[in-house]
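What follows is subunit A paired twice: with subunit B in the first complex and subunit C in the second.
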Partner chain A sequence: MNSLVHLLRRGRGLLLPMVLIGLWEIASRQGTAQAYAFVPLEVIGQGLVELIDSGALLISTLASLQRTCIGLLLGVTLGIAVGASMAMSTVVERVIGPLYHMMRQVPILGLIPLIALWFGSGEGAKILIVSLAAFYPMTLNTFEGFSHIEPRYREVGRVFEFGPVQQLTQVLLPSALPSIANGALHALAFAWVSSVGVELFLSTGAGLGNLMMNAEAGSRMEVVVIGVLCIGLLGYAMNQLFTRLSQHLLRWRDTR
Partner chain B sequence: MNASLKQHWLDQTTHLPGSLDIRGLGKQYAIEGKPLTVLQDINLSVKPGEFVSIVGASGCGKSSLLRLIVGLEAQYSGDILLDGKRIDSTSLERGIVFQDHRLFPWKTVEQNIAVALKNHPLTKKEKTRLVAEHIQLVNLQGFENAYPHQLSGGMAQRAAIARALINKPKILLLDEPFGALDALTRVHLQRELQRLWVQQRSTMIMVTHDVEEALYLGDRVIVMDARPGRIKHEIHVNLPHPRERHSPRLQKLKDELLTELVGSDHVEVAHV
Partner chain C sequence: MSSLISVAAQPRVFIRRVRPNRLSWFVSPLLVLLAWALVAQSGRYSEQLLVPPAVVWDTFKDLLDSGELLEHTRFSLSRLGLGFALGASGGLLFGIALALSKTVEVYCSPLFHTLRQIPSIALIPMFILAFGVEETFKILIVTKAVFFPVALATSEGIKAIPRNYFEVGRIYRLPLRHLIFDIAFPAAAPPILTGIRIGLSRAWMVLVAAELLAANSGLGQMIEMARQLMRIDIVMVGVVVIGLIGFVLDHGFRLLEKRLFRWKTR
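Let's turn to the complex of A and B:
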């Protein structure tokens, strides 16, 4: 009995999805028109097997993931650099700040035509967009993190004759880490969403977005559903990974 | 030896490690453009190995004095000399324990104490041994891998003391180190500090609100007055260590000190 309760508690996150899947199946059996909108589970299953067999699912997933990773790396690195320097130098903040805040207000979707014009519609342009999507939240959060470092810890560093590099690694960076981790989490979400989304606009190359678009053109709604599920599950998995990592790095925090 | 050589030799020996000389110290802050005199004409000499307590009303510049000695504030008039050298910035030779322990929250107890040795020329092995030694010194064995948020106030302050002592500073400053702790912990840590001081005999200057604490620990008690901060009175506590809290002489000195501190308030009220 205890183990059943324990199992139920572990699986409570699956309860709602299970209910929705059940409702979905019921809806799909109401008629042919409904079967188009709510693709029967059986058809989805068949489509899944086909995609895995042909390797299309793997290729699309890897392509989207690769773009996300590269874009994240670039966006996060640049974001930390710019955010930190804006927080620690008024000169930098006055020079870069206004431009940054202005650009931040423009939705990236609006920038895509311009970027496509300047950089073409290849992988490079897509990575640029993903980097930008990651850059904005990363910079903002890093800026916050470095702006709120308590001077009393810096004084401790001074008492122990810390040089500027030591101040950075021993005091500033760890102190700003909670904000940086928060920024990275947001950057991840934006990067993933825009990685798939950008394929809807610049539809060359492989990726989950492309997979879904082509499927829609061929009226294969089950592939669209599979695509959506994949995007959701992968995004969730990456989010979990980042969260666990940041929990480990921030284990020193008082979580009360 | 000829006259100049002899003078040079004399100069060397009169400056033993850890002797502090403050002459005519003055400190002003600018508050909304107007200068506020925080310290005025402070003259104080601390002999090597001496324990000096400083008491005084709020606003008498006690903390500012300590910050100037440790080098966190660099602008002042007059002279602060440690072993004959003027103080103008922080140094490993001068340590400080703050009222809020200021342990880095992102480091364990062991790492926090070790961080004091970052700029110290020792091998890694020696540093590890030294850190372990100091953890034992303050009775924190078993808590090496604890984070500050997991420690009680008393334990964290003990770690802060270990961190301040590990560099064997010539002079250790303590800014109301036990002010944030409950009464029982305070008594316990006062005894610990006395034990440490007797063992290490580093020069120590402690600022405190607690008159009994000042007398229990100090060789001398300096009383400061506020607005502007200046030295008003000095008491020599001629009692051997370790001290009895309830000895008649201590209690008599306590009465004398309290009168000094409280008495000045009466005078001010009378003027108004």
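Let's turn to the complex of A and C:
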């Protein structure tokens, strides 16, 4: 009896979503006009089965994930390089800093028309957008990580007469790593969102964004809903995965 | 004693290092501008593809004189304003309810934290299908983009108020009005304002994206139209204006935060 009450108590959070889904289902049965905006759950289920059977969902998801990974890799690598060199050298900071901060102000998707005109609407343009989206937070966080290193750590390095390489690997990098990991987490989120975003605009090739855009053109709400759910779910999963991974890898640092 | 001297000496060193460098912030943008002008003049790329800076400037003045630019900006900003007002007030109310009421938290937080995961951009096609391509969809997508960060920041900001603040208030037998306005509000306001700022800049990004995809007015529509007409000069003007507005919104809010929370000791 007690465990049943406990179960009911824990299930309270599910009540509201279930009520909303119920209302959605009722709204969808109010006539064809309503069924257009609120697709019945049954149709969503059928759509999911159809998308999985035809392989469209898998292909689109893999294409989006691949684009995100390539863009992320490029953006993170470049971001760490630029951020670190900006933090190490005042000259570099003065040269790149103003350009970086100016560029950063433009919403990334606002750049799509310009990049599409210059680089076409193929895979290259898309990866450029995704890597830019990953590059901005990565640079900022790497820069902050390297410029907020406690002076006494450097002094310890000096006392031990570390060479430049040792200073970098033994002192600077370990202190900057938490901030870099944080930057990578942001970069991941931005890369995923912009990868989906750019697919909505540049409709060549496969991707979850394309899948949704085609479904929108054909007014197939169920496919759009499935797309939204997939995007949310995958974004959440990647975020969790990365957070766990970085917590594991950074477990040596004393948590404040 | 020696530490006192070094502290006193520090500002001078700092000023000496920074002052002559102030102008250096402009060096690299100017160099890029110069390089752009030179490459454009050299004729290696067609003028349609690499528009000279002077032409972009002329286009900017034309768009400004004809009132076209201001009209598009006005449309975009009024959408942003309306959606922001709805989203921020809704987010504030919901955030307060989520923080103060255990019942609201138990019933609503799982749904809230699930929906929060969905990127606003991904919702654009769904909103278009559900609400059409007219104003409603754009305002609602802005509302959505503002609501979640504001609600989250509000509920966490309120929950983070140290309990002993209230205990002190209770010892002084402050009336509820003072407890709210003199203790709770100042303590929770900084994170809430940060949440509002984040919401605003996300909303601006989403609005531009929504206008790119489906609109008959607004800055996003202006550059999308120009893209179809291959007018890179208009696209560039639009991109710069969009960036400028984003910058002004974000930094305006940062300045506001600084001014309002001068009393904060950090």
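As a working rule, the second predicted complex is superposed on the first by the 224 of 256 C-alpha atoms of A that agree within 3 Å, B and C clash if a C-alpha of one lies under 4 Å from a C-alpha of the other, contacts with A are read in each partner's own complex, and residues count from 1 in each chain.
The definition used in the following text is that contacts are C-beta pairs under 8 Å (C-beta built on N, C-alpha and C of every residue); 3 or more make two chains touch, one makes a residue touch a chain.
Computed from a predicted structure; not experimentally measured.
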{"item": "Partner, of subunit C and subunit B, that touches more residues belonging to subunit A", "value": "C"}
{"item": "Which superposed partner A:236 touches (first subunit B, second subunit C, both, neither)", "value": "second"}
{"item": "Subunit B versus subunit C as contact partner of A:177, first or second or both or neither", "value": "first"}
{"item": "Partner chain in contact with A:13 - subunit B first, subunit C second, else both or neither", "value": "second"}
{"item": "Partner chain(s) touched by A:23 [first = subunit B, second = subunit C, both, neither]", "value": "neither"}
{"item": "Which of subunit B and subunit C A:99 touches, first, second, both or neither", "value": "second"}
{"item": "Touched partner set for A:160, first subunit B, second subunit C, both or neither", "value": "first"}
{"item": "Partner chain in contact with A:118 - subunit B first, subunit C second, else both or neither", "value": "second"}
{"item": "Subunit A residues contacted in one complex by subunit B, in the other by subunit C", "value": "none"}
{"item": "Residues of subunit A defined as touching subunit B within the complex", "value": "152-153, 155-156, 158-163, 166, 170-171, 174-175, 177, 251-254"}
{"item": "Touch list for subunit A against partner subunit C, complex", "value": "12-17, 20, 36-37, 90, 94-99, 102, 105-114, 116-118, 192-194, 196-197, 200-201, 209, 212-213, 215-216, 219, 221, 224-225, 227-228, 231-233, 235-236"}
{"item": "Complex interface listing, subunit B residues touching subunit A", "value": "70-72, 90-92, 94-96, 98, 100, 102, 104-108, 115-116, 118-119, 147-149, 167"}
{"item": "Of subunit C, residues touching subunit A in the complex", "value": "21, 24-29, 32, 49, 106-111, 114, 117-119, 121-126, 128-130, 204-205, 208-209, 212-213, 220, 223-224, 226-227, 230, 232, 235-236, 238-240, 242-244, 246-247, 250"}
